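Take a look at these structures.
Shared between the two complexes below is subunit A, which pairs with subunit B and subunit C, respectively.
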Partner chain A sequence: MFNAIVSANTLQATLDSVGVLVDECKIHMEEDGLEIRAVDPANVGMVDLSLSAEAFESYEADGGLIGVNLVRLQDIAGMADSDQLVHLELDEETRKLHISIDGLEYTLALIDPESIREEPDLPDLDLPANIVIEGRDIDRAVTAADMVSDHIELGVDDAEEVFYVKAEGDTDDVHLELDTDDLIDLVVGAASSLFSLDYLKDMNKAIPADAEVRMELGEEFPVKMHFDIADGEGAVTFMLAPRIQSN
Partner chain B sequence: MRLDEFVDGFERDEAAERRRLAEEKSYAITDYLDDVERQFEQTVQGDDLYGSTAPEIFVGRSNYPSVSTGLLSPMAEDADPTQYATSGDWYQEGYGIDDVLQRRTGLLNSTRSAQVDVDDVWDGFVGVQREVAIADHPVDVEVGLDAKPELDLSLDDISTPTGPRARATDADLAENPHVPRPVEKTLEDDDWQAEGAMNYLYRRGFDVYDINTILSAGALGQGRNRRLVPTRWSITAVDDTVGQYLRGGIRNEQTVNEVQVWYNEYVGNDYWVILAPGNWEFELVELKAPGSIWNPEPDGSYYMAADDESYEGRSNYVDETSGAYYASRLAVLEHLEDIGRQATCLVIRHASESYWAPVGVWQIREGIRHAFEGEYATAETFHDAVQQLAPALPVSLTDLRRKSTMVSGIQSQIGDF
Partner chain C sequence: MDWTEKYRPSTLSEVRGNDKARDALKKWARTWDDHRDAVILHGSPGVGKTSAAHALANDMDWPTIEFNASDTRTKDVIEQVAGEAAKSGTLTAGSSGRRVVIMDEADNIHGNADRGGSRAITSLVKEAGQPMVLIANEFYDMSNGLRNACQDIEFRDVSKRSIVPVLRDVCRKEGIEFEDAALASIAEMNSGDLRGAIKDLQAQAEGKDRITEDDVISGERDRTEGVFDYLDTVIKKAGPQEALEASYDVDETPDDLINWIEDNMPKDYEGEELARAYHYLANADRWLGRVRATQNYSFWRYAGDNMTAGVAAARDGEKGGWTRYGPPSYWSKLGRTRGTRDKRDYVAQQIAETAGVSMSTARRDVMPHLSVMTHHCKNRELTVAMAARYDLEAEHISFVTGSGKDTNKVQSIVEDAAELREELAADNADGAFEGESEAPGIDDEDGPSGDDEPDSGETAAAETGGSETQTTLTGESTEESADDESATEDTADDDQQAGLGDFV
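Showing the complex of A and B:
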């Protein structure tokens, strides 16, 4: 059983966070909220999202699991103005999701969850550096790096106590340093890793400019980025595997 | 990929410059052209009717969709026409640049202009041309010529060079061409998308050279979409389409279990192929020597070009390496399909100064296909392999790292941590 009413705003932010990595996903409808975990086909980028029942206008669920075509669901959610309400109801008999937006009725055929790629556990990594940064600063770094290269180095300089971003292209370089005054918080530790900008650009699209993003970094280790959506009632973690320079 | 996307990638078209390069580098070729001219005078009969055996066709790309389309046929009377068609056999026979130019300049291109829209056009000049393209042997034809031929050695980095040209008034088949069964099948089914039909022919044992000619003649695809495809575009379209088909097949295979380095040298080009354990990923890096063709660097330094794709492939046409990318990717994918594995793959092509005239993208395809025949070296890691190769390369490791996505870092997976 699943029957919920949610603002289009919240639904769109939720779907966008997952949709930047995958085209289809499993949604766990737990009693206390939705859970989505997904990894891209190349096993490089991962998202872990929870949206608490508090984020909804009304919410009833009993632990079911559905598979959805995210691209279509995003299209439908995009039909609503951000302040409109979206009503979602699962028809257990037909395995379809009924979606209504201000008189507009849409029946979405679901996908067999068994046919969707297995979601891996989020690896528990002990990453030495912690950076709390505004979403807009990530956007700035990614946009500048993209002008010169297709990969980007993120790191922390222990001694100088700065978080840095570097991109090296064929001929041009981009360098950005943020110190403790520019950041919301910084716990220094040995950290420098190279990442594909294709992935980081996609993840960046889902990070609100005013979000506080907690970034965990290590030496040639994946980066984790945690931020909230839906006024703190939803939590998103992105994880991205690095490009390895040493072996 | 749609054809108009191919078009955007092709801008370097300065025929005069290429001729100058070719002429400067070897007097043998210009001497040979004089011979060709004499031969031509002898071959063309009094009433300008010209009987010959055509192994191939050519479709130009200028002025698309009103293109110049031609039958290629050898002028020497005792020539074996099969020897004149571009194919992988040229590699087997050890052709050098001069051999290729001699073969191709010995082909008369009898051309007419035609609209590319050819659904159901099987008569007239274009009809004859299409029959030649789908036949499995060179076809006897009679071509009526309008004027004296122009000798115009035309070079291009993707298509194989062509020789003298003459305007044709008409053409007739002098025999009934034999069309292989699978080609008949793709021809008759005008509801079959070109991509699927290309892959079908490939699976039935047709090499990309044959498929390219058939596609070029507008004999594949859904009826309303059938049109003449300029030779240059069709080569890349076939390499790309068959490559995507092979890539789909290996993407769920196990990965190679060691880092392998393969090498080959052909017509002044060195090829190194590094296969490393990991997901399918591919990059071509080209290093073009000053003095080799297609080096636009004004200061006499090496010209570097690179393009790559990740596990899920590219969504747009490559920026820097054009047809070479799709030809080299095809050659690597064929090898991976043979061994039933996937790999992270870097191809480094060094076009040395002795690659003085472009003979067509086939030499890249064959150079890399045959690289996998030799012995390979192993290395502990991908980056070890690159470091060990570095002294053999004409550019520094620092420059290579800045240019190459893979050399700067190999994509890991979440499961590795």
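Showing the complex of A and C:
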């Protein structure tokens, strides 16, 4: 059983966070909220999302699992104005999801969850550096780096106590340093890793400009980025494997 | 459940029949950190390449990303997915974490669905930071660049000796009784193909608890016969019926098969029987011509009857010994004469456009006369006029006149022809572009063909007509009917689509 009413805003933010990595995903409908975990086809980027029941206007579920085509669902959610309410109801008989937005009824055929790529385990990593940064600063760094290169180095200089972003292109370079004044918080540790800009660009799209993003970094290790959606009722973690430094 | 999946080896040590390749693969993986090369596993279908790759990944504890022919493998997909997978570390261990990218059927990346994929893979193996395993049936179907960038390991056909124990194992695990001879003949039938053998075993065992040799023999699968073996059959010993039936297993179309037979049959036949065989081949060819003219492919059966049963029936007795059969010389002849034919067609096309005739008319009725009149450029003035009129280069003049293309004679004709063309162009331009400075420039290019603009539609129609006649061996006059047809089509088109004029 699943029957919920949610604001279009929240639904769109939720779907966008997952949709930047995969086209289809499994959604766990637990009693206390939704949970989604997915990894992209190359096994390089991962998203872990939870949206508590409090984020909904009304929420009823008893622990079912559905598979959805995210592209479709995003399109449907996009039909609603941001302050409209979206009613979602699962028809257990036909295995279809009924979606209604102000009189507009849409019946979405679901995908067999078995056919969707297996959900990864959330790797338990102990990453030394912790940076808390505003979403818009990530956007600045990624946008600038994208002009010169297809990968980006994120790191922390422990001596100077700065978080830095470097992108080296064939001819041009981009460099950005943020010190403790620019950041919300910084825990220094040895950290520098190279990442694919394609993925960071996509993830950046899902990060709200005013979000407080907690970034965990290590030495040639994956990066984790945690931020909240739906006024703190939903939590998203992006994780991205590092590029191998070519020598 | 599919037994080939159920009993797929989970570790390299369970991979059967290719010990050498298996050890080489293990060594490649162990030493990967030193050489960082990709590896190509190649060999016939069903010998265990894919199984070995997955077993290896399992042994090494490498997560896998696999692509096979059912995935879209365009340049973009390969760069994005395989590229990121091969250039990135893992989510659990970062840059030092290993992941293997397995590209199955890597010799089969072509066609529209995989546009640019092959090149993308070649550049990817060079810059990959993770181990990559490419799997292919035909090593040499892959580009040279790709082959050179990778190590390669050949998987040989699995011998019957190695197949039988595997089948025996499977039977024991499935609790099926068997006759040894049954397993032996399954192994025999699948010469070299272990997967095929297991599949056959499962098909035989379906719903039974015992496999006997009799079951096996009746369940043999269809196989294709090589064309050389077939030639041996039809030319040396088979009767008409056998020759015809054996041809069903040959993977050649009648158009190709007739060339194979026609080219090799005279190596064994002589005298009367040779004449009779040619008679049947001529019949077959006539039927093939009808197929082309009418697009009625059911005529293929008559072509097939004639070229197989007919040729076999024409033979006196049986032939012995071994004959070196070869691919049809017709094909290599086409290749060798390509240059000459291109020249001939160019000249014919120029004549056709200028004179408003079909290409075949130009070729059959006009070119021979031109050739005589300008023989060895004796009539120089006429040759220059011809070259100017039809816009011919030195090689074309040489083709028509028979004079060497590098001779001074021909070169000077080309120069004179160019001058003559300019003069003509200037003359034509007099009226239209009087006083305009760029007029000669425009006319240089457009003058002669501009003359014929109204004809171009006709030329196109004539061309189709021309090629129809060329391919029809029966001499039936399809040219006219084809033209008629296109004419009727034109009017039909007019009827369906109202023009603006209809409303004025």
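Following the convention adopted for this analysis, the second predicted complex is superposed on the first by the 245 of 247 C-alpha atoms of A that agree within 3 Å, B and C clash if a C-alpha of one lies under 4 Å from a C-alpha of the other, contacts with A are read in each partner's own complex, and residues count from 1 in each chain.
Throughout what follows, a contact is a pair of C-beta atoms (placed from the backbone, for glycine too) under 8 Å apart; a residue touches a chain by one contact, two chains touch by 3 or more.
Since the structure is predicted, the reported quantities are computational estimates derived from the model, not experimental observations.
Undergrad: After the match on subunit A, would you call subunit B and subunit C a fit or a clash?
TA: Superposition check on subunit A flags a clash between subunit B and subunit C.
Undergrad: Once the shared chain is lined up, is A:G232 touching subunit B (first), subunit C (second), both, or neither of them?
TA: Neither: A:G232 stays clear of subunit B and subunit C.
Undergrad: Examine A:G169 and indicate which partner it touches, taking first as subunit B and second as subunit C; both and neither are also allowed.
TA: Touch status of A:G169: first partner only.
Undergrad: First (subunit B), second (subunit C), both or neither: which does A:G78 touch?
TA: Neither partner.
Undergrad: After the superposition on A, what does A:Q245 contact: first (subunit B), second (subunit C), both or neither?
TA: In the superposition, A:Q245 touches subunit B and subunit C alike.
Undergrad: For A:G63, using the defined touch cut-off, is the partner it touches subunit B, subunit C, both, or neither? Pick first, second, both or neither.
TA: neither
Undergrad: Find the residues of subunit A that appear in the contact set with subunit B and again in the contact set with subunit C.
TA: The answer is residues 39, 41-44, 46, 120, 123, 125, 196, 198, 221-222, 239, 241-246 of subunit A.
Undergrad: List the residues on subunit A that touch subunit B in their complex, please.
TA: 39, 41-46, 120, 123, 125, 150-151, 168-171, 194, 196, 198, 221-222, 239, 241-247
Undergrad: Once bound in the complex, which stretches of subunit C touch subunit A?
TA: Result: residues 63, 65, 80-85, 87-92, 94-97, 99, 127, 129-130 of subunit C touch subunit A.
Undergrad: With touch defined as at the start, can you tell me which subunit B residues reach subunit A in the complex?
TA: 279, 304, 310-312, 380-384, 402-403, 405, 408-417
Undergrad: Spell out the residues on subunit A that touch subunit C in their complex, using ranges where they run on.
TA: Of all residues in subunit A, those touching subunit C are 39, 41-44, 46, 120, 123, 125, 193, 196, 198-199, 218-222, 239, 241-246.
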